[in-house]
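Paired with chain B in one complex and with chain C in the other, chain A is shared by the two complexes that follow.
Up next is the complex of A and B:
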């Protein structure tokens, strides 16, 4: 990688960030809905858990789980997958292909740039929720550090999942159905809606065999100490491995797809 | 050695073969059928450095598809393309450094940001040094009036401003080979004139240009050579002057008379012209051969005898030439 490449990546990320901030109400509403989801989650799980515990989560643990879910969910849905999909569906990809940049890398820089737009509110919201709802503290200082590392992996993983979903537009010519499927898999199999520990064993197996679980369950398990330090490091290594597999998998799909691109009209 | 070389270049697309109506939609859902459609059919094209070539044809002739093949966006179904010695599809990124592309119907500006931001991103992409970037922006401002809308959001620009900004985007890295796909579409006369003068200057400075347009004036003012495409194949390739000498041999005078145009009387009185009715009842159109009479002679003759209220002059456009070429009226 050259210095120039990073300069281009930074330029793409900044442009995407500015584009996201250009629509401040859209941005504000999406954060607001995330906060609403957190409040609804807290109310539902408060009544379900009461003074006992479910799947090994007591009420303090569940508060921590839901707040981490708010943070990871805000980040995971913070990017602009629709913008990527629209460029393919509207044929604007023909402009992108006349530029001297690696298509996937440019889209990654843009996507991560758009995700950065939600970082301030995601962090502020998380801090406010911690102060307000007093959840269980991290299992240790090391666990807190590893949780942050695990959350950082959401940036490249979210791009890869969304980019792979967007590439399907070349085959389906529509994005809406693909987006519903991707969002459904991501929210359910990550444990964002129901913690994976509460799912049937076979479904837990499926969750752990897919990348989605590393969006919410992995960071919250590390934070709450539900796994020891070697296990936490192992899960972070799996997040890195998924990132690499999805990144190069997307490259393989792209190589096949680009041969079949059809852009009609001027 | 040519800067661009295409040999037996073809592109076929697969199109759904779907019957109309609800039954057709249901049938297509269960049993998918497709038809092959040839957009570009075995084209041979060579362009030398510094040439300005107009690539024209009716809608659906394959102009834009050819541009996409030549720029590396699409992979040819058959044949080869070399641009500055490279395959533009497999060596897309290296090729993109040396080419500039403008699609008149698609903008490369970031829609929700100021024009300046798009140009700055392109500066990074093409590694344009800051001093050169500033010089080029100054030149674009001088020739295209870019400065007046640099701080404006792309979505707020008029079509003419958008096209000028897009042209600056396509040329910010001083490409050796430039492809312009309908750069004047939808523009008013003054903006068109400004763009044409700018493009002519670009060609005079040594840039190689391939231009697609439906506008004869674009072609005449900017290009020296014309390639006419129809149904995916090249129908004519040669100097514009030769094409005009061979095919555009008539002009027409549109006369608005005081009363209804009596074509029979006009034919009898002026048998040297071919007469036709115009759009209004009082309009008569006299067509004359340019090799037999000059425009000044015809205008002088007709105005002196008919004293029309108004008149205008027209000549066949490129599409008309193509139509006549394929209708067999003109020798290919």
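Up next is the complex of A and C:
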């Protein structure tokens, strides 16, 4: 396996960040989509919850849940997965294989670099939403700190989920269907569409057995104090474990899929 | 006029068939896309079902009415993928100059563009959406006498969807870039907001989605009519909206073509 220095990772990340910022419309709309989802969510759940509660969420809790969902969703969908997929689909991977760089690490650096492009607006949007909608505060200062730590794990986890999805391009020759399937799984099983606490027990079990739940439910549960501090630390440890499992799982899959590469042309 | 319409229909039919034959050459892709469409509809069904395990009504609408709404939306918004999906390639055609090729052919441009691609997710989305709609219809106790009305409303909704996709994508004649941002925004707004009955939203949003960006006429209003929640006068809305939007789409697309100045060499 080829390896490279951290400086190379940093260079890949900076190039990806600059490329993402160059397409301002895409960048602005990715934030706009998240804001639209947040506003619709607020209107719908306000109507559903009223002055009561659902799944243990009262209206203030739900506001916090939705705003955290906006933040994590904006980050999770902020990377350039198409750029990774295109390398496989248009044959650029043949050039990548000749370079003295670790393909997976290079893509991780690029992906996280592109995710960083949405951080300023995601944070500003979240702060604005907190000031506008005044959600429930964090359960404690420690809970707030652990929430931030949990949100930071979205960076490597989002890369791993997207990279694993992109590796499927070796078999399908197209990415669109894979992307939509991945997006659907991520949004539904993370609790972004409907909180996991409202799902039937068997579906909750399925959610907690998969990595997607840690994109929205874990940070919001920690923030709202729906779990105690040891529980929060445990969930963050699970996020770390999923990152490691997916990272090395992707390496195993890469070893098999790279044998399927077909490069056309002369 | 008659010859023009026949020529346009022939070009459209042949082009669509040619692209259909090309996409089924990739069976893995076909199954992935069809499965994706099925999965999205299972997710929609799951969402509504989970919601109603926790609440009795959403904006005053019951479980079966909501299934009708979500099913109608899936069929109306999902079916253009099978016959008008190429319209999403306007941005690409403008950016890379591919439009030059289309406008120099002895055939109308819009049908050529609209048939450049077939969205196979529709193969999964439409039947499952229809199944959800029928299940909701039966559960809500809507009579069989409403079937002709439903067919008319589906036809109007399909025209509205096609027209709105065309208008939103035509913006890329002026807003340069490979991403159809207005089209994506339209779809996102529809996916997010229109799967709920409009009464859950503030009045300004209801007015916006009914009259300014008339997405309501492609799902909410038709289902309200079928459920007997809206008066019969509302039945005029979908055909009128469809006709107006279709004319507007043709006009905007032609204006876009006139302003197109090629990608340069």
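Quick notes on this structure:
Convention: the second predicted complex is superposed on the first by the 261 of 266 C-alpha atoms of A that agree within 3 Å, B and C clash if a C-alpha of one lies under 4 Å from a C-alpha of the other, contacts with A are read in each partner's own complex, and residues count from 1 in each chain.
Definition applied: a contact is a pair of C-beta atoms (placed from the backbone, for glycine too) under 8 Å apart; a residue touches a chain by one contact, two chains touch by 3 or more.
Bear in mind that the values here come from a model prediction, so they are computed numbers and not experimental data.
Taken together through their common chain A, the two structures put chain B and chain C side by side without a clash.
Look at A:8: by the touch rule set out above, it reaches chain B but stays clear of chain C.
Using C-alpha centres, the superposed arrangement gives chain A a vertex angle toward chain B and chain C of 80 degrees, stated as a multiple of 10.
Of the two partner chains placed by superposition, A:153 touches none, neither chain B nor chain C.
Using the contact criterion defined above for the overlaid structures, shared-chain residue A:215 touches neither chain B nor chain C, since it reaches no partner.
Applying the stated contact rule after C-alpha superposition, one finds that A:163 touches neither chain B nor chain C. In the superposed pair of complexes, A:181 makes contact with chain C only, with no contact to chain B. Of the two partner chains, neither chain B nor chain C is touched by A:111. When both complexes are overlaid on chain A, the residue A:59 reaches neither chain B nor chain C. Overlay on chain A (Cα): least separation between chain B and chain C is 5 Å. Taken together, the two structures place residues 23 of chain A in contact with chain B in one case and with chain C in the other. Taken in their complex, chain A has these residues touching chain C: 23, 25-26, 29, 32-33, 36-37, 40, 43-44, 47-48, 54-55, 171-174, 176-178, 180-181, 184-185, 188, 193-194, 198-200, 203.
Against chain A, in their complex, chain C makes its touches with residues 26, 28-29, 32-33, 35-36, 39-40, 43, 46-47, 50-51, 53-55, 58-59, 120-121, 175, 177, 179, 181, 184-185, 188-189, 192-193, 196, 199-202, 205.
By the touch rule above, chain A contacts chain B in their complex via residues 4, 7-8, 11-12, 15, 18-19, 22-23, 91-92, 94-95, 97-102, 258-259, 261-266. By the touch criterion stated above, chain B contacts chain A in their complex at residues 13, 63-64, 68, 71-75, 92-94, 96-97, 99, 101, 103-108, 110, 112-113, 117, 120-122, 124-127, 181-182, 185, 212.
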